[in-house]
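Next up: some structures, all given as structure tokens.
Both of the next two complexes hold chain A, though its partner changes from chain B to chain C.
Presenting the complex of A and B:
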């Protein structure tokens, strides 16, 4: 065997090369995704330096002066910081407790429907609110809950009750927030669980039926364990968003009387960043949010694996 | 074949992903610092020596409060006249009015800026704008303006003072100049009639009468429909979260919390003053109204646009307003009719009358010219022409002569042409009758003329002119306009000011007692207001 031949055999047999040669067009399909991640996620990261600089329009991002941790010190010393942080965490936890299980329950209910036509109709109806923008949803919420002309308050008064300040009271802010969030997103949230449910082996149900398991037992002992992996992954992803509450919905529902509990890090950073032109300070807030999110993802992934469940990696 | 299709699809996806990443205009700046391309005499240095002089100059103008200039509309035809006269090609950039300021912040960061940008008045105090001016992002117009006679003749000196933002003689924009005024209230005349309440136009109300009127408009079924669906006063939340100052004005607080010189010569901002308790009086009164349910109960949750919609539906008995905009006579269909009240006076008030000031004296929006604009002289030429006698007929008529209205030799206006266009708009779902561009672009500062609806009869015009004159007379001149002490950019100061807005809301809604305001004031002084006050007084004294 001469050298040329052996080189050719090595080249031919190299598993990585062979793999790329066989699947290269699949990798070509990866390029748009990777490019989009690079363009919209990685490349803007150079802007993170603003959190450590005193940004000036005159000097630009690179020319602005370094101020170290000054903006973080200002953030942590701010009269609003602890309140805003607490609001962000409480709102997120409430969302996890109420809004996270809702799509799972809805998916399980939809999965139990036997009439396919009816099931699809219901699915379409519950998906629809997802495509309505928050601006419209909040306009609807305002029209429903307005103290002066809202339908709900009109009903309450007709039943002999007193009008409730749904839109401006601190007591009602979170229930309204969570309820509107569930109404808008629960249906759409079922998509991923419906996909997971479709992957459950039908033979498991058949075997359970032969063994005499009723519907509830099949749900509890087959369906739920089978989608638990998906639920765990979704939960870990949600944990990464522990300080992200979504901007639009809260911003639109927020007003001076309920701001004490309505202001979260996103709205705060928008208020002090975009509206008051303090870009560095707003970047510092965003950076802090991302750091906490990252820690939460690692932590929940670790805990999930420690408890014998699935992890993201 | 499959692979070819796959490769094709992948290429399409890549191209889609990359679309929009391009920059259609070559970068003209480096490091965020921009250099004007004209010398300070206003003469353009031709960037392209071969430019054909017949070729129209392209201008991009970003406007506030103009939602559309549909092709073929009255506004569009006016725009075409300007273009033809001055050999321009104007592109109107019209961001939505809500969120305009956020749009501005982003525009300042963007390299591809419009040639002309309209700023709300309060931006003369904004750090971003000041920073942008210092960085050379906008032209200093001070040496260019002199030769534009119409701009100089029809702009109040105080407007130029406000746009001298560094107080060093440099001017950073062309103002939509405006006389300062103290607006009063529009009362529902038809509701007054229904309730048998007598009121003569032009009379001041006392605080008690004002309260009783709001009460009657809320609870005595003024529209006589048998349903509890009315509210005494239109009230809504401003972008800052504060309530619109309809009631605060009664207590002389003013718009934007101006500084006043009191009779004894002391300088004071009545909102944050510890020496005068007008703000606490305001908080006490508004809390009383809030708890009685006689002002819009959703005031904190709605903005001006929603409040206006509700007003259109006939919800409010009283609203703030300027006599120049007040509809005259009963509205067709609804029978809604207004009467103008110049204001509310407080019994025993040493100031003695309804009066307030504003920090935006003399400027009601202004235009800054980007340093990337290659022909700033054409922009100034455009402004000068719009303010000329030739165009004054259109500005004054707030439409386009012989297209939207006609004017006879006696000076009578006829708007039947606009009415016909509006009728067709209704049928076709178009918006060709729109004239908001003409109304919002620029105006002359001199006198009441501009503000009078020309479709009124001469007697009605005279009546409205008198009411407008009264708003000018009632205005309390503010001091130190356009000056902001350095502390306003201090994060602790800003944070506390924001915090006060939410805490103030608690006083209004009754969750905290009015005395809580003293506690908030103490905190604010500690957060830097004492320094602010000291600097502001020193500055005002220095200008005397």
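Presenting the complex of A and C:
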């Protein structure tokens, strides 16, 4: 009672002042986060000007000369860049087609399991690969697929086939990449969908069962619509990654013979920027990547909402 | 809630196609689980086996001619321990810091009283979709004087938009009457947050802690860019060196060459590699079972509307 009365009295003075007086702590809570965003997200932005400058170590970032869109022009004339750009897009589209649906299907199947104990055991196992680093996963992939000692090639030979050059051929690079992604992340990807599935109202299923709906109908008309929102949000976020394939996995799988196909924007800009010291050029690549990602997120969010679906915001 | 459905499900008779589906489902998921488990078992088995046995049968899932020689070699490597320690420092530091910063940011976002949430949401979405890029980040770390220090792996990225969304979604689902009751009782906001909200949010805190810890422990990219001093390398980068490049040379240089050559007939590259892998993954595997049970309740991803 006391608190409410005092609130009413202060409110007469100035509503905004009263509000801050009462809730200032909530704004204080935001400070560390804002500071972190300022230091590591906003403050690096000054480096973006390098994309429009000719960076020289002696003159520094601010002192270097402006060259306008010169670097972007060189970028889109460079055969190498266009090849790497194509690789990035093809790889992430393949990932979207193969690796994105996998966790959803897995989660739906897990959800159909009625034996709780068995289900939990399976979950514990399929989550496990996520906790293994790329370095280790790629070591395992190399060991399994190697021509000399690999289990897979031993099996192929035993079945009368010929050894396949998985690791150093351009033909097999993408299948190996996608398969290792699925192995590592598919199980983990179910976590978010499982949480969404756990939130589905049980009464819906009960009502449907009384109405005589079978398993398939329940899945199609209750379960799927209920997790569609989560799927949309995940998809929108993935759209922003259309040019991003991550560095670690590809860097480890990449070698001289498969580089033609393997190289993506991340590994390319690392090579060009930090190894060869062409800072401006690499900054331009990164800037382009971020812009495309941003446009894709906004576009897919807009389209999703336009079609009556969920949006990220 | 789940248990009641099981009881009710069994009451209604299932049709034959439904039963066939259920059986196939069990078989399929068991196969998937086996495919995920097999390489892990294989690694452990090989690391504990004699190298010649590995060459004869690389697919083993149980050790053959059991030996811990590979482990002894890895244990002797002072360099390995140094990076192990670095990884622990970085992982604990980054995880704690990031958890605090992100939770503190997510709580006001979940509160209806807070004004200007649309601005905060815009900032959140911006940090989620825009990344300045490798070179600007590098120059920024350089400018802050963090190059070649462990801080370069601890403080950047302490605010994670994705984790913030997960926490916010969870906080929004908390019974709001409790917060209101505490406010009426005159509880201060820090009190409400630490004594009421955080204890109720264990599932989400456990999940995010694990996300953060695993991500930090396993990542080598940051160290590869920011840290050239080998004494400051985290485990992941050292492991990459051991596994990918000069696997034996590194061990040779760091441990006693005499001891190495005598042991060399027994232990070869692959077993040493796998022993390092097992040791490097052990901490994560120890924490995992304790935090895993919270996942299903902890990880909700909702819309970020203000």
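As a convention for this text, the second predicted complex is superposed on the first by the 279 of 313 C-alpha atoms of A that agree within 3 Å, B and C clash if a C-alpha of one lies under 4 Å from a C-alpha of the other, contacts with A are read in each partner's own complex, and residues count from 1 in each chain.
The criterion applied here is as follows: contacts are C-beta pairs under 8 Å (C-beta built on N, C-alpha and C of every residue); 3 or more make two chains touch, one makes a residue touch a chain.
Keep in mind it's a predicted model, so treat the numbers as computed, not measured.
Look at A:78: by the touch rule set out above, it reaches chain B but stays clear of chain C. Looking at the superposed arrangement, the partner reaching more residues of chain A, out of chain B and chain C, is C. Contacts of A:36 after superposition: both chain B and chain C are touched. Of the two partner chains, chain C is the only one touched by A:133; chain B is not. Contact with both chain B and chain C is seen for A:274 once the two complexes are overlaid on the shared chain. In the superposed pair of complexes, A:113 makes contact with chain C only, with no contact to chain B. In the superposition on chain A, A:313 makes contact with chain C only, not with chain B. Looking at the shared chain after the overlay, A:58 reaches chain B, while chain C stays out of its contact range.
Across the superposed pair, chain B and chain C both touch chain A at residues 25, 29, 32, 36, 39, 61, 149, 274, 279. Those residues of chain B that touch chain A in the shared complex are 3, 6-7, 9-10, 13-14, 16-18, 21, 31-33, 101-102, 105-106, 108-109, 126-128, 131-132, 134-137, 229, 231, 237, 239, 241-243, 296-298, 300-302, 306, 310, 315, 491-492, 494-496, 498-499, 501-502, 504-506, 508-509, 511.
Chain A contributes residues 2-4, 19, 23, 25-27, 29-30, 32-34, 36-37, 39-41, 43-48, 50, 61, 106, 109-110, 112-114, 116, 118, 121-122, 124-136, 138-140, 143-144, 149-151, 154, 183, 187, 191-192, 194-196, 198-199, 202, 205-206, 209, 214-215, 229-230, 233-234, 237, 240, 247-248, 252, 266, 269-270, 273-274, 279, 282-283, 285-287, 289-290, 293-294, 297-298, 310-313 to its touches with chain C in the complex.
For chain C in complex with chain A, the touching residues are 1-6, 8-10, 12, 14-15, 18, 21-22, 25-26, 28-30, 32-33, 35-37, 39-40, 42-43, 55, 58-59, 100-102, 104-105, 107-108, 111, 113-115, 120-121, 123, 125-140, 144, 155-159, 164, 183-184, 186, 188-190, 193, 207, 214, 217-221, 225, 236, 239-240, 243-244, 270, 273, 277, 280-281, 284-285, 288-289, 292, 295-306. The part of chain A that touches chain B in the complex is made up of residues 25, 28-29, 31-32, 35-36, 39, 56-63, 74, 77-80, 142, 146-149, 163, 165, 167-168, 255-257, 259-260, 263, 271-272, 274-279, 281.
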